[in-house]
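Order of writing sets the chain letters: A, B and C. Residues in each chain are counted from 1.
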Amino acid sequence: MNPMEDKLRWLEKAGDADQEAPQELHGLLAEFETPEALLEACTKVRDAGYKKWDALTPFPVHGIDEAMGIRMTILPWLSLGAGLTGLMIAFALQIFTNGIDYKFLISGKPFISVPANIPVAFELTVLLAAFTTFFGMMILNFLPELFHPLFRAKRFPRMTADRFGIYIESKDPLFNRQQAELMFSRLGASALEPVLSPTKRAPLPGVIHGVGLTLTLVALIPVALAVKSRFSKSDQPRIHIIQDMDFQEKYKTQTAHPLLYQGAASMQPVAGTIRRGDLREDGHLYRGMAGDEFARGFPMALTQEMLVRGKQRFSIYCAVCHGATGYGDGLVAQRAEALAEGTWVPPLSLHEAVVLDQAEGQIFNTITHGIRTMKPYGSQIDVQDRWAIVAYVRALQRSQRATLTDVPPDVRAQLSQ
Amino acid sequence: MQHAITAPLKVEQVNLPGSTLGISTKAMLIGLVTIGAGFLLDLMAGPKGLYHFAHAYLLGYFFCLTIALGALIFVCLQRLTKAGWSVVVRRLAEIVAGTMPALAILAIPVLVFMHQLYPWTHEELVANDAILLGKSAYLNTPFFLVRVAIYFAVWIFISRSMLSLSVRQDDSGDLALTHKAERLSAPAIILFALTITFAGFDLLMSLDPHWFSTIYGVYVFAGSMIGFLSVAILGVKFLQSRGVLRDVVTVEHFHDLGKLLFGFTMFWGYIAFSQFLLIWYANIPEETIWYEHRMSHGWGWVSLALLFGHFVLPWCGLLSRQVKRAEKGLVFWAAWQLVMHLVDMYWLVMPALNLAHGQEGGPGYAPAVHSGFPLHVLDALCVLGFVALFVGLILRSMRGVSLVPLKDPRLGEARAFHNF
Amino acid sequence: MATITAGAATLDNTGDDPRVRAPLIVGNNDYTTITDRVCAVVEDPKVRKAWLIAFLTAVSLTGMLFALVGYLIVTGVGVWGNQIPVAWGWPIVNFVFWVGIGHAGTLISAILYLFRQNWRTSINRFAEAMTIFAVVCAGLFPGIHVGRAWLAYWLFPIPNQMLMWPQFRSPLLWDVFAVGTYASVSTVFWYMGMIPDLATIRDRAKHPVRRFVYGLLAVGWRGSARHWHRYERAYLLMAALATPLVLSVHTIVSFDFAVSQLPGWHTTIFPPYFVAGAIFSGFAMVVTLAIPARAYFGMKDIITMRHLENMNKIILATGMMVGYAYAMEFFIAWYGGNEFEQFAFINRATGPYAWAYWIMVSCNVISPQLFWFKKLRTSIPVMFVLAIFVNIGMWFERFVITISTLNRDFLPSSWGYFRPTLVDICMLIGSFGLFFTLFLLFLRFLPMIAMAEVKSILPRPAAHPGNDHSSSSHTSPSHSELH
């Protein structure tokens, strides 16, 4: 034995303590040379009525399940259950994340796209079923089981290589050493070995406890840190392990620069530069305001073309609710009345006194920003068209309360007929 | 490690009794009369009726053809892999595939009704359609006829060679015949792959000549395998009810056939889903139109029936080992899958009827005219007629032929076969 | 599987007498010799020179790979030749290539198991190991291709500070799940298969450290028949689960390409075509590795000529399937009547990358045709060269699909010619280094042949007659320990 191995004696010593402890009989191991002899022996042991016994083979021997009377495991059912669970989880996860919690449209697909969810659903089904199969097999077999009295039997090592064994535990109610030895001899066992186990297992060496405790404590440190930072506040910027371009080597506004004009990092705009929004200085035209009040009158001259344009735009955007004549009887309003769902606020008739008294600027403002349930139209209708609509609304209002004096004198005669 | 069973087989285990053979002529007659009645019925329905008959005939015909093709590839695959277990059911497959010459004759009405089936046969339509004009080097009547002739020549050659090599061995027991069949199987499979693909393109895909899908041939193959495996399970059960193959084909072989049926059910689902997902996802109108026809105007229900009936339910049903080994369970699912295979064929063929109607009269390629769901008594007549005719043909081919390859060198191994 | 009858002493088991199944293990092997031979590789106290040279070479290439990965992460993906419109360059080609290689292992252990192909037992262990190492190489490339690799956790549905979720309708995310599931399930499958063999090594080990390490790995396996029962059931279930899984992985990789609308990528045959290609390249890699391994470790009677011949047949069959898919793509591109699709395919065969296309066709479709001849498919030099050709051809297949489609954009103004950088080339070489490092370690420290499975297909020796009454004379030496 070389010195290296000498130093590793402590590994062996863990076993020595067990060796020196008082022993008791754990069971009887019989060795067989061929699978055929084993199968025959298994049938006999089964028929003799033993319960706590097992066969040891280096590979799965065909037909041993029947010979030993092993019942079918429930493992397939566990896998099936796990697979179905995986399927449910996958669909629930995908529907919740992309269909409910964080909706976003991608390549025109519905938020809940079942065909697109199938690949992940399939993978999770297999993942859960496969892991359950493996760990289920381990748990049902009570593995890992790093110590077993058999591991100290002299005959045992070859049973994972080229020999076959039957092991009867002494706990079996039928167990009687002489009888069992006799039975195995009759069955053609090539060797017999009683297997001992210490009455009391030696405690684990202190060093293992120490290492285990230390490792556990060390493993808890990151968790503790995470918990601490979750419940504490700090005004320090977070630690940037990776910069992600958050801190760039560049000059910001209001900082000095040694080379540039007047030593300022950001240059002054050239003369004549217009501020953002400066082009919309005209409050009347763009906002319908004169100072803090709604402007009266139009910011431009009224023309026939403007009225025609206003009528056309009105028919497109307004008439569906307000009606072609502005009485609030558009098709949408009629339909909503018919449905009578109770949530509908009918559009105002444009011939009500409220509207008649409004400044042109206010009507413009209403079109731009909407009012109550009426949506804003500023983004759809440009400024000139909005004024054209206002002009047409005024024309509509006037048409409904016209007097004879409004009719041009040369056609008055026709009316009076 | 099983030891071969070499006990000799009794005559009643391998030869079909005369009483059953007698059915064959009756069945064939009934089949022909039923299809003929369908034809007369459609003549009364006016010019549109002929369209419907043509499609219904193609449906019934292709349904039987896929089963025979499935049998053919099954035989070739078993030969290629030198399989042991399947020897006891291989003769049945050889006989089903052996009906190929009769199927070639039955293809003639399809060619006669080409004008009613395939819009690309309308000359003025092609002249006004850039896409069809581009395909006219391939989709034209003479070349089509040549291709169909080639397909049948190949299939007849392979199926008859396989049958004859196998039957000849029944007398001589010559091992060279086994080698010959195995050597033939590899090139046969290549020829088969090409012919079934292009036959699928020509006979089915070109019903809608604008549409195309590279996976179509694989789809037809997957359906054919389901069709044949179902027929094999039902067929062996039927033969066993007549005394043949008893104690030769055991629960172990049924278990294996069931596993294959399960596997191909999954394969079909995989291929169908792949085709659907890629077309659905890319959402290109020239491709989605094919699914649009099959997902609207009542066809959506047929599509759903296929998804659940041809894949989800039989998959769940056949998953269990107990079901595959249970007599009734396996027969139920085999019958179910056979019916669903018919629905699959219906789903492939019949939506084209509306398209074909649309081409009547107009010079341009018209979109399909949806007249709803075209279920008609003609469909039933053609399908039932073909089923009767095909059953008759198969029974007739069993005359004087042993239903087990008596001197196959692997017969003993097959009879002793056990699943793990 | 019939019993082995004749010719057990000769090394040639490629005969095809239909009356008997040829023996799968030759050379008078029994349970003892199988155990001794396989364990001897692991137990050899000396480090053999050839292995060491190969290992050191592989390790230095791995070092180069990781140095380049570091350089890439610090600098950015600009160190590769990827440039718009070719945004997917060599990294994706390498990814698909390695994932494809990683298909043979699970295929051999799962699908061939379900098809009762007993010859799989001699090669499944190291094919599975190859699978896992290939998937490790594959996983590396998309991981670093995301650019900011430290944010790769965004790929997983973890509740995060941005209150956002991954995009489950994207095939790239399906890939994460598919490759992740495949890698973990394959590893578990491989490890589970190894447990009984690890127990064998544990029980033979002399050195306490060896016994301790292999003892931990073997989780206390003692070959109990009750354990075997659940183990075998679990193995069957794993095989049944791994079979559709292995198909799904390359299917989903093919979706990465095929759900798009790019000419040359959007083709419905992509899923089965990619799967066939993956099996094709995976088997070629198994043959490439098996030939030197069986010669070097003296396993010619366990990995026999029949095993190699069978694999060559599968290479031929899958090569034909790949050829079928090439042909269908071309035919439908013409038949479909879409001029962009037609251009994409004509461009493949005659455009600037025609050289790559024809390398692909000659390596994948033409050269495997030699395997029609029994003499050639049972000749070691021929199959070694052809298997390497297939590996080259399959790399070029992914190259052709990725580069030749992307490089002809819809905007002719952005057309160019893709050139890999030195980093691209060295990373591909380095990935082979990583693969071989892991593989050589595996050969040296883990049982390269599934001993328990090989033993289960050996012919069973007959029960010893006359043993019945003689065992009273067997006085076990441990009787004395009772005192």
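In this section, a residue touches a chain if its C-beta (ideal position, glycine included) is under 8 Å from a C-beta of that chain, and two chains touch if they have at least 3 such contacts.
Given the structure is predicted, the values throughout are model-derived calculations rather than measurements.
Taking the mean of each chain's C-alpha atoms as its centre, the chain lying closest to the overall protein C-alpha centroid is C.
When the C-beta pairs in contact are tallied for A-C and for B-C, the bigger tally goes to A-C. Taking each chain's centre as the mean of its C-alpha atoms, chain A lies 44 Å from chain B.
Chain A and chain C have centres, each the mean of its CA atoms, that are 32 Å apart. Chain centres here are Cα averages; for chain B and chain C they lie 36 Å apart. Residue positions of chain C with contacts to 2 or more other chains are 244, 255, 460. In chain A, 62, 107, 109, 116 are the positions where the chain touches two or more neighbouring chains simultaneously.
Multi-chain contact residues of chain B (touching two or more other chains): 1, 277, 281, 420.
Against chain A, the residues of chain B that register as touching in their complex are 1, 273, 276-277, 280-281, 283, 420.
The touching residues of chain C, counted against chain B in their complex, run 1-3, 16-19, 21, 114, 116, 244, 247, 251, 255, 258-261, 266-272, 320, 324-325, 328-329, 332, 335-338, 372, 459-460.
Chain B meets chain C in the complex at residues 1-4, 82, 84, 130-131, 134-135, 138, 175, 178-179, 182, 186, 190, 193-194, 197, 201, 210, 212-218, 259, 266, 270-271, 274-275, 277-279, 281-282, 284, 286, 409-410, 413, 420. Chain A makes touch with chain B in their complex at residues 62, 107-109, 115-116, 118.
Across the complex, chain C is touched by residues 5, 8-9, 11-12, 23, 25, 33-37, 40, 42, 54-62, 64-65, 68, 70, 72-73, 75-76, 79, 83, 93-94, 97-98, 101-102, 104, 106-107, 109, 113, 116-117, 119-120, 122-124, 126-127, 129-131, 133-134, 136-138, 140-141, 143-148, 150-151, 153-162, 184-194, 196, 241-242, 244 of chain A.
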